[in-house]
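Note that the chains are named A, B, C and D in the order they appear, and that numbering of residues resets to 1 at the start of each chain.
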Amino acid sequence: MNRKLRMGMVGGGTDAFIGAVHRLAAFMDNQIELVCGCFSVNPEISKESGKLYYLPENRVYETYQEMFEKEAQLPEGERMDFVTIVTPNFVHFGPAMMALENGFHVVIDKPITFTLDEALKLNEKLEETGLTLALTHTYSGYPAVKHARKMVADGNFGKIRKIYAEYPQGWLSGAAENEGNAQASWRTDPKKSGKAGCMGDIGTHAHQLAEYISGLRVTELCADLNTYVPNRRLDDDGAALLRFEQDATGILLATQVAAGEENAIKIRVYGEKGGLEWFQHEPNSLIVKWTDQPTQILRVGATMDSEVAAHNSRTPGGHPEGYLEAFANIYRNFALTIMAKKEGKQPTAEMLDFPGIQDGIRGMQFIDTVVKAGYDDEVKWVKFGE
Amino acid sequence: MNRKLRMGMVGGGTDAFIGAVHRLAAFMDNQIELVCGCFSVNPEISKESGKLYYLPENRVYETYQEMFEKEAQLPEGERMDFVTIVTPNFVHFGPAMMALENGFHVVIDKPITFTLDEALKLNEKLEETGLTLALTHTYSGYPAVKHARKMVADGNFGKIRKIYAEYPQGWLSGAAENEGNAQASWRTDPKKSGKAGCMGDIGTHAHQLAEYISGLRVTELCADLNTYVPNRRLDDDGAALLRFEQDATGILLATQVAAGEENAIKIRVYGEKGGLEWFQHEPNSLIVKWTDQPTQILRVGATMDSEVAAHNSRTPGGHPEGYLEAFANIYRNFALTIMAKKEGKQPTAEMLDFPGIQDGIRGMQFIDTVVKAGYDDEVKWVKFGE
Amino acid sequence: MNRKLRMGMVGGGTDAFIGAVHRLAAFMDNQIELVCGCFSVNPEISKESGKLYYLPENRVYETYQEMFEKEAQLPEGERMDFVTIVTPNFVHFGPAMMALENGFHVVIDKPITFTLDEALKLNEKLEETGLTLALTHTYSGYPAVKHARKMVADGNFGKIRKIYAEYPQGWLSGAAENEGNAQASWRTDPKKSGKAGCMGDIGTHAHQLAEYISGLRVTELCADLNTYVPNRRLDDDGAALLRFEQDATGILLATQVAAGEENAIKIRVYGEKGGLEWFQHEPNSLIVKWTDQPTQILRVGATMDSEVAAHNSRTPGGHPEGYLEAFANIYRNFALTIMAKKEGKQPTAEMLDFPGIQDGIRGMQFIDTVVKAGYDDEVKWVKFGE
Amino acid sequence: MNRKLRMGMVGGGTDAFIGAVHRLAAFMDNQIELVCGCFSVNPEISKESGKLYYLPENRVYETYQEMFEKEAQLPEGERMDFVTIVTPNFVHFGPAMMALENGFHVVIDKPITFTLDEALKLNEKLEETGLTLALTHTYSGYPAVKHARKMVADGNFGKIRKIYAEYPQGWLSGAAENEGNAQASWRTDPKKSGKAGCMGDIGTHAHQLAEYISGLRVTELCADLNTYVPNRRLDDDGAALLRFEQDATGILLATQVAAGEENAIKIRVYGEKGGLEWFQHEPNSLIVKWTDQPTQILRVGATMDSEVAAHNSRTPGGHPEGYLEAFANIYRNFALTIMAKKEGKQPTAEMLDFPGIQDGIRGMQFIDTVVKAGYDDEVKWVKFGE
């Protein structure tokens, strides 16, 4: 394509958190430019933000409704191609649906919507329009994670038996929501976050990562959810025993009260012949263990020699990549897919390798299932999605 | 005491595995000498073993019954003080009970007996005789583990919320029991091992470590047990959600099919203010995390400055200790306790810090509970010990 | 400033290596846009590259001379603000000097020039013009490195005694220059690389990092340089004993024949009261050791709470940053400095915290000194810069 | 042999440090028993120590001279077989020579003597008597170190190019010798320690480890020695550039003022095809790197499958061994050698694999060479041993 892809943004003002990450990730590869936005419910902040992002005033809108309407009226050579939605969960569905209705592709934060029903509606609209949606399950964007998935798919470890996914955080060990922490505030508010707290925020990441790498879907689970901080309104901790397709089993751990932990998402997968371990704090290494030979450390850019790892990496071996590059991989593959389609080409499997609406639906089902299971002391196993 | 403590041994011939570890641990501190034994059901192996251990022929016995009877008749200045029992599980109770009946203290491998009932009988006999029993839950012998327990007990982390104990092994990923591996053979045989395989062998270790460090007892659990290798007769894998006293919760993971893992026992405990992590592969470090200051690496012999760590350590900081020293700590504290008693003194708390009959009973209850819970898809929570 | 900074580029075509890294780093923060370039000595590659970078054809030039001349004639609102020079060492001075003569700021790869004399001339021109030059000693761009520098400067460790800087690579273990590796080819060619191979390429990084963190300058050194691969024309390995100001001493190790190593640059600094360790493979951690308290792991975004670390970081704690973000910090601070100047403001110390001409001169002096010392078996200590 | 080997001891009273380590190491394998000793220059301490070690009073001597004379007169079935000498350096030669003259084998701490000349005299006496001497260069007792040596010898890495040996400690960062630290006191006293401080104490370890693993001997070196703590009388810090046989080169670092470091001895060796890394803090792992395949972690007892690693290991994989087991390997191989000789057998290569008089001589030459080189700013390279 002879021009960059044009991005609009809902949310992500200077007072927000994840919006900045989205922009960094989007701009890095010089394929995407920001052309418009509605950055805040506060018009002053939105305006100020637009200025800082070097936007002309007329492309900074007061409401997302206004944005979609006006952008849709702009000539093709000018209007945005896609919108990035980085608002709290309860403001996901509205802008996403309206974007699709107005012909814009969508990048959106997880969990995809407030309810499963909304996710299913987005799916219908996507099928109807043929538009593309990317969901920022960032951890599946790491090259080492993609290489891990490939090793499993290629049968290196034989049939998979065990999958342990964990995501311990400690930032909600105290009542941060009462101390002016805006992130903590909406994430622990069922009206803004949805029916799950910890499980929606980070449990969904662990679940998506487990299914992404193993290629196996959870079929039923048995869970225990807790709220450790007094007066908190949603779960801040939980764990689940998992059963997957093809007789694999595992554990999912997600907690926000593991005092002192940062974003220690980690996954281990074992098959008949070997296993793997990936940990976000050292994201460029994939530890691979075998029943019949020494443990290996595969390294992005060096000894992790798959095409998928190379395609999703930007530096020579030993020059570490991180979270922003993983995030950028989602944007890049999403952008490559759209560009290919615009040029009338079929996107390659590598281009299509980013989380989308199906991950979104699985994520909402995970929330429903784990919440149902997690507070019921009588029923042990709950079928996934039921 | 003006002489070493005299040890006899049941099991531990040259064809055995854990017996050698017991001897290394017992001899290291120059407090204990081997004076007699019945090292094998095969008298030839027993004799040959006795020779290699520098025993006179008349102190190598054909049966443990013979040993206890004859040793009991020897003069006090000659006969053994205690016996170490290192036979497969189904030959624990017999020699242990007979040893107690004949006035000998006991060191015994875990799980303490074949059934809970046997453990309770040993308890009665111990109370009746006033003799001492040590159970080799080795991991609680590490100085860093003892320091961890102390930090929790001292309230450093506030009220404890989360306890994650895991013990992944990979050595039973294949059908080792069919390939001439004697260890695999008896450990997967319900007639020799008991009602649990993996959970009895290593699940009990994870459970004991969790209760030892946290000072909290499991009150109920929800489990899922599996047998991954075809035709294996006992569980080779499992996991449990745990509920502890005082509202703590956690996870226990024990598996022998985590292909490529060695003895990767690890524990993490989190309270309101911080948490700790200990991993056997780096046993001299205790990672301590905090909500309000940087993560610390406490090191045995250096910055782990409790008396309990010092008492259970033998080298200057930076000169790593390992499994044998942890094992030796059980022997040393057990020996110090007996010696103190022989001298009419009250053993100190440090001397008494070794696993004993109560750990044995808890272990048998754990096996009963986890097996009951692990195969029942209808009942979610099973009360511990019921 | 109400617009992005405009970048031109010399080198960095689609066939090049480090140019892509520069662009990623420059674009990430949405402060800089590429407006023109002369990307290759091969005009076809240059044109093709320009297209891929979304440049109009008239801003892709055949020679850098043409570029500087034509850009200089464009109106202020259109012409580039600065040029990034990413050619092999022997094509550094020419474009850099011409850029300055035409009023453009410069970003340039290290080593800054082919000879020390050229570096001194650039310095004169910079002083004369008041323009700004940034030198991409990337490792000093890591937030943990900047925090380390601050801890030393704040006196946390007392007077500094020891500085160990090492940069082992393994990629030149074989004769890669004979196997079609373009990077290996020019880097081992004295006509393109200069008088040093390994020491110029990575020894300079280790030297700059040592001086940057410690705040101390090398005063004399004693070196041994080697060429291990037969027929290679420059050093591929070396080491030096270092003497610094204020009685600190240390070691510098740089090698390209440490088979199997990636870019394992690491530094350790010890003072009277404690020390620090930073290693590129885990760049978000700073290990801090003390004589009187446990070792600490300080983490970017979490427990590394200086303003300088925060200013140079883009993600929340536990979401790792890497090489590209370190690189981007140089661009960002450089851009902030220029923007401040354009607005008539004094750049803050944080803005000015990027390597520049003085680092370039020190680097060239390092090369001269280490080469002089490294092949002379008679003279032990060579004064730095003599 | 149908009895244990009988050990006497010079030094190692209850007030000493390394003596306890020797006893732990000697007793662990049940091959050696302590039968006599002269544990201190203070007869009271010596007596008290003997009691605690369960010795009869008549085998605790007031002087080592008395001990050797009286023991020599005891019948073969009673007298000691060998003596362990664990006194400060200046009391090494006297008892060692007298032991040999009286027909006793010797285990002795490093550095072997006070001067090179004494070491050469011991060598003569050993050749004359055919007795055996073991020198406790502990680090070469680790199974992973022995496996490393074997991998190099087997040519796995091709021709060796680089050897980096380092031993940083921090315990002498302050003037511990003035604060009642007995270890610090004699080790910094040239009358007791010899002509080197840090280099004699730990530099010798790094040197021995480098030669042991690489199989190459240092031919010349260039050094810089320092004394950082005011009024200290010997070096507390230093480094050397090394040249080995067969064109290998390297670095040796030894310091006692790396504040916060414990006993962080580490070695890296690189050849044409790969390299290895061993670090005492994780002694059961050997990191092996390759030019053409992923880095491997070889583990003692698991994937480190040489006979030499197995012979020098006591636990199953994943149950870590440590410093005491490495130390015990020296005792065990020494004891096996003597026992074989007593039985008229030729000791195997595995039995003979312990440091001895040749290591002692090399060590004394290292001290002489590094001291000569380390204070001479004019002469760059000093031939080893000249």
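Some observations on this one:
As a convention for this text, a contact is a pair of C-beta atoms (placed from the backbone, for glycine too) under 8 Å apart; a residue touches a chain by one contact, two chains touch by 3 or more.
Quantities reported herein were computed from a predicted structural model and do not represent experimental measurements.
Among the remaining chains, the Cα-based centre furthest from that of chain A is the centre of D. Across the two interfaces under comparison, B-C and C-D, the one joined by more C-beta contacts turns out to be C-D. Note: centroid distance chain B to chain D, computed from Cα atoms, is 34 Å. Averaging Cα coordinates per chain places chain B and chain C 55 Å apart. Our note on geometry: chain C versus chain D, Cα centroid distance of 43 Å, whole angstroms.
Counting partner chains per residue, chain A shows two or more touched chains at residues 261, 288, 295, 299.
By the touch rule above, chain C contacts chain D in their complex via residues 157, 161-162, 164, 168, 170, 173-174, 222-224, 226, 228, 237, 239, 241, 243, 249-251, 253, 255, 257-261, 268, 270-275, 288-291, 295, 376-381. Chain D makes touch with chain B in their complex at residues 2-4, 17, 20-21, 23-24, 27-30, 34, 51, 53-54, 169, 261-264, 280-284, 299, 301-302, 314-325.
In the complex of the two chains, the chain D residues touching chain A come out as 288, 293-299, 303.
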